[in-house]
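What follows is a pair of complexes built around chain A, which joins chain B in one and chain C in the other.
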Partner chain A sequence: MKLRPFRLAVLGLSLLIPAALCAVVLFLVLYSGEAIFFNGLHFLTQINWNLGNLYGDPVVVHGIQVPPGANYGMLVFIVGTLASSGIAILIAVPLAMGAAIFLAEIIPQKIRPMLSMLVELIAVVPSVVFGLWGIAVLVPLIGHYLAPNGSGYGLLTASIVLALMITPIIASTLLDALLQVPKENRESAFALGATHFEVVAKAMMPMVRTTLIGGIVLALGRALGETMAVLMVSGGGLNILPTSLFSPISTIASFVASQLDSAETDPTNMSVRALAEIALVLFFITLAVNACAKLLTSGALRVRKRA
Partner chain B sequence: MVKRYIVRLKERLKRQLAVYKPNAAWTICYVTTFDLVSFLLRSEFNKTLSTAGFHQEMSSNCNAITVAIVTWFDYCGATLGGLLPRRPKRVPFRGPNKRNANVKMMNLLRTGAAVLAISAAAGFVPAQANAASVPLVETGSSLLYPLFNLWVPAYTASHPNISITTTSTGSGTGIAQSIKGLVNIGASDAYLSDAMVKAHPDMLSIPLAISSQAINYNLPGITHLKLSGPILAGIYEGKITKWNDPAIAAANPGVKLPDHEIIPVHRLDGSGDTFIFTQYLTNSDKGWASSVHYGTSVAWPAVSAGIGANGNQGMLAAAKANPYSIAYIGVSFADQAAKAGLGQAELLNKAGNYVLPTPETISAAAASVANSTPADERISMIFSPGKMAYPIVNYEYAIVNAKQPSKADAAALRHFLTWAITEGNSMSFLKQVHFAALPPAVVELSKAQIAKIK
Partner chain C sequence: MSVSALKMPRSAQETRRLIISAIGWVLCGAGLVLVLAPLVDIVVVVGWRGIAAFSPHLFTENTTGANGGLYNAIEGTLVITLFAMLIALPLGVGAGIHLSEYGKDKLASAIRFMSDTLTGTPSIVLGYFSYIVMIIGFGWGFSLIAASITLAIMIVPYLARITELSLQQVPNSMREAAYALGAKDSNVVFKVVLPAASSGVLTGALLALAISVGETAPLIYTAGWSNYSWSGQFTHEPMAYLTYVIWTFIDQPDAKSHALAFAAAFLVMLVVLVINIGVRVAIRRKKFA
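Take a look at the complex of A and B:
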């Protein structure tokens, strides 16, 4: 058989990615094993996260050494993550649809490349920059004019910052799709006497629906995993579920980032393992979101139209 | 066969470079211009970052952020120059071969642009360690980091055979990495716990300096406020929710307190400041001791108005942005807190006096525990018995493994630490970060511990 160095090299490189993925999952599962055993299923439903007394003598529970009083529950973070991402999507989708339709339909051909490039540039702005903007502009604004107790850190601020980060992602995917809509569809709709709004709403949007959903889920993936920007403006609510738009929250990713340092002072190392378990949960949430995206965009769930 | 590949690759490259030359030239122009602009703006970035919660104590993050911003600028430059693919035109028909070549070329050039961008950006991060015979590595406490940055240039200038790299990561990381042997010095605001010492008997906690913490409040129109451990515990537990609560009013006769909700601010990230603040509450309030206890991060009781902030600068920004808030902030930020219009609370000490954090009260606290400090120096100075002692004062520690990997490392480490607690404890260094010097008795104890490093 002929030796094919190129093919072999590419095969090796392509196997690296699934191997890395498996290694990450394996590491997380093995590392958090003790914590999974110690926490049980309560982990997902409890709202109290207590590292315990890290300066006391460790106690043995179910044969596992933990700091006295340690109790781990991550419901607050799951709720914070889903709520902030969900609200961000609610804000971002109309904005992104408006932007994409404007870019595809309204503005002159000559300016379009420039503006669409601008949208893409916003998509690659580092998230800390959004976080800084959030602290410097949004937090005082919301604190002074909206929040009942005058505190601008919280769910709404985090959601708005996230929304701004993901709007360009949705807008650019949608714009791509809108530009791919065959001319004939558009022109025949016009020929039938449809208004511009009807052309967009009835002849173009249905064709790009799957792309739109895919873009939204992609954006959701980014929002769920966002760490720094959220950490800077979320107010870091602990042990309390958000009751209003202005309640402080914590998201999974930002909580792991902010707690790792203290967890390392734990002599039993259980806190770090519990954080690894949190990371595992986040991993599965984002995995589920991406799997949904694949399913939706591949059209597997689409109802077949009658011929 | 390989030869043929290379020859073909070369030909292709030549062809494509010939086609893309003008674009590439433009890109280099754009990228250089953007780099120049971002270089000029660098101090501006750092200023913005520091006002928004990323002071020098997180300067490693600052560098990363600067790199990110510069990379982004470069990306803009590269896109403008046409190196990166733009959106295809509405009718993008091209010959199949040409298109393929274009895509490949785009990828090639994109990689080039990324390398260019990253190398340009990396140029902004100052190289810290220069090659020398004995390299020491320090990481940990963000509160000690500014002091290390004052110490290291002064020390290495007179001792060129030792190079010291300092990073700011947080006390917990400092402790963990020192135990794992990844660094020589783990800087920490808190001493090692009993369980840690039992598990790692070779680890030493050596005090290097003394720091303290102020309780700051944002109360329009009020400049004097007296608070105590039980009151603060009540606020952070959510039992005291209004500023005109009877408990606060009783401690402040004659002060007109507003009928407004209190916004308690706490640290989100693990922090020695949280450690000493919660230790003050633990030592002065029984309820707090049994429910929350102390640590570098604790399970903060649910207070609906309470918010979390990152780093001392973040605490300062949060307290400034939210009227009627209260926050605990390291005393090295006292000047900035005063400038932001925040008041400093007088705290109730063990002797029953209300005291402000001044050099005198901090020294009084240090003096009151100097003689009772044990040989391993793991002792809390919080809520110490001195008559005029400020209650939230602590030793800043170097967490060091007594068994160093080599004799040379151990010798360098002993020399540097001895220098730090003697010459390094002069006010010319400490004054800049508002720290206090170690009392003579403690310096002797530290020297005895340093001698154990082998």
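Take a look at the complex of A and C:
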């Protein structure tokens, strides 16, 4: 075969993407290796994240140097992540469904593009600006009217901000799907005497269900990895599991972002390694969730259902 | 039911259905309002408090602790974004060319899958990866080049997919015509396909630019923070950036820091919204033309 330098060059460029992804996984695994060995499976089930005495002489455990008293457990962050993302989904799904249905069916075609553009614009607002708005508007509101302890920082605030950030993902997925429902299906439902709302709820929604679920899982993937907005409004709870909607929490992502200083002061580097292990766990969680979303939205399952 | 003698009186069930439908529509409408209201409020709050904090010295003075101006942060964001784009554009567009023009095999679909995976990876994970490899491993310290490379890793897959999508809009007959005239692969791509798809690629580049201006998480562990403006070094010099000001200054107790945070948020929002609205309006105009 003839050698084609141009094709080889662009192939090389595109191979950099898998290379980068593999490098991310590889170096996180390599770097966190000692931490994985030191923490064992307790890492996932323990509540305490204790850096140990950073100024004491390092002690050797299983042949690994760690600060005396160091203990790393990420259960609090796993619970915080799942709780905040779960509540965010519970808030976001009904809102997004209402918005998408209203846009698809009631809003006249002339102004629909403008309104759906506004919905899309929510998705491009930087995370840190959502956090700023959360601190300036939402935290005082919740602290004043809802929270029994008077602090607006906590699980509920983080969940609401997350919900706002992910609604556009669900809403635009659903809107696209609703607009693609064939005219015949709608008209036959109308002909049976269904009210307009029944046409949507009973004839159209079942057709787009798989796509909707795909959009929700995609939104979940985004919520799980969201860092800045959560970091700013979650209250940064450590070493204690949330007990109410107003408890301070940390998610995996927000905890990693908040630990820069402590990571830098550890002479044995063990906390940096443990943070790498956390980042690795987060990577695999989002990978699994995004793969599910891909499977659901790609139509691999949908086609089978319709046939 | 005296309005029309032809109409049958409504049965109880029919009335119930009509009431349920009406309630359903009201709830849907409320959903749309609740989804859009926060966006409006964000724009109003950030716009109002951001403009209130504006003064000429924002653009001329460095931040001193949590006071002063924003010169170093504005410059830092511009420089980091510029170098991220310089790294990402050739790589992303090149990868997109491969995926669109020659990517019909299994390898290409594997690349597509991994590219989507990289896009879905939380940016803090990428930032932490860079911290381990570049800051600790290579010993670069908090630096411009580490920050730019991290942002580039984030936006290359994005650019690749957008480039691929826009190149595929170019009709195949144009490629065939060029090949028939004896053009080489590179000539077909650079002289025929890319120019025809230039607006799509430009759109992707602008959206990627907006993403990198608004990012914070990947920069925390790579750019650090500095109260000084950039001295021209690529390594061993922490950089200031606007989103850091938003994130940390709002936690300070004094009103001056809050004003700076809102001014920074206003600048970031301005860039992000102008690019995104501009791109969307331009795309729609093209569709209807």
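In this text, the second predicted complex is superposed on the first by the 285 of 307 C-alpha atoms of A that agree within 3 Å, B and C clash if a C-alpha of one lies under 4 Å from a C-alpha of the other, contacts with A are read in each partner's own complex, and residues count from 1 in each chain.
In this section, a contact is a pair of C-beta atoms (placed from the backbone, for glycine too) under 8 Å apart; a residue touches a chain by one contact, two chains touch by 3 or more.
This one's a predicted model, so the numbers in the text were calculated from it and none came from an experiment.
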| item | value |
| --- | --- |
| Superposed partners chain B and chain C on chain A - clash or fit | clash |
| Partner chain in contact with A:210 - chain B first, chain C second, else both or neither | neither |
| Partner chain(s) touched by A:185 [first = chain B, second = chain C, both, neither] | neither |
| Partner chain(s) touched by A:153 [first = chain B, second = chain C, both, neither] | first |
| Touched partner set for A:237, first chain B, second chain C, both or neither | first |
| Chain C versus chain B, contacts on chain A by residue | C |
| Which of chain B and chain C A:101 touches, first, second, both or neither | second |
| Chain B versus chain C as contact partner of A:136, first or second or both or neither | both |
| Partner chain(s) touched by A:122 [first = chain B, second = chain C, both, neither] | second |
| Chain C region in steric overlap with chain B, selected from 60-68, 114-122 or 150-158 | 60-68 |
| On chain A, the residue positions that both chain B and chain C contact, one per complex | 6, 113, 117, 120-121, 124-126, 128-129, 132, 135-136, 231-232, 260 |
| Partner chain C, residues of chain A touching it in the complex | 4, 6-7, 9-11, 13-18, 20-21, 23-24, 27-28, 31, 94-99, 101-103, 106-107, 113, 115, 117-122, 124-133, 135-137, 164, 167-168, 171, 195-198, 201, 221, 224-228, 231-232, 253, 256-257, 260, 269, 272, 275-276, 279, 282-283, 286-287, 290-291, 294 |
| Contacting residues of chain C [partner chain A, same complex] | 17-18, 20-22, 24-25, 27-32, 34-36, 38-39, 41-42, 45-46, 49, 90-91, 94-99, 101-103, 108, 110-111, 113-118, 120-129, 132-133, 136-137, 153, 156-157, 160, 184-186, 189, 210, 213-217, 220-221, 243, 246-247, 250-251, 261-262, 265, 268-269, 272-273, 276-277, 280, 284 |
| Chain B - residues contacting chain A, complex | 1-2, 5, 48-49, 51-53, 65, 68-69, 72, 75-76, 79, 86-87, 90, 169-173, 175-176, 190, 193-196, 198-199, 261, 263, 266, 268-271, 274, 293-310, 314, 317-318, 321-325 |
| Chain B-touching residues of chain A, taken from the complex the two chains share | 5-6, 48-51, 53-58, 67, 69, 109, 113, 116-117, 120-121, 124-126, 128-129, 132, 135-136, 139-140, 143, 149-154, 175-176, 179, 231-232, 234-240, 243, 247-248, 250, 258-265, 267-268 |
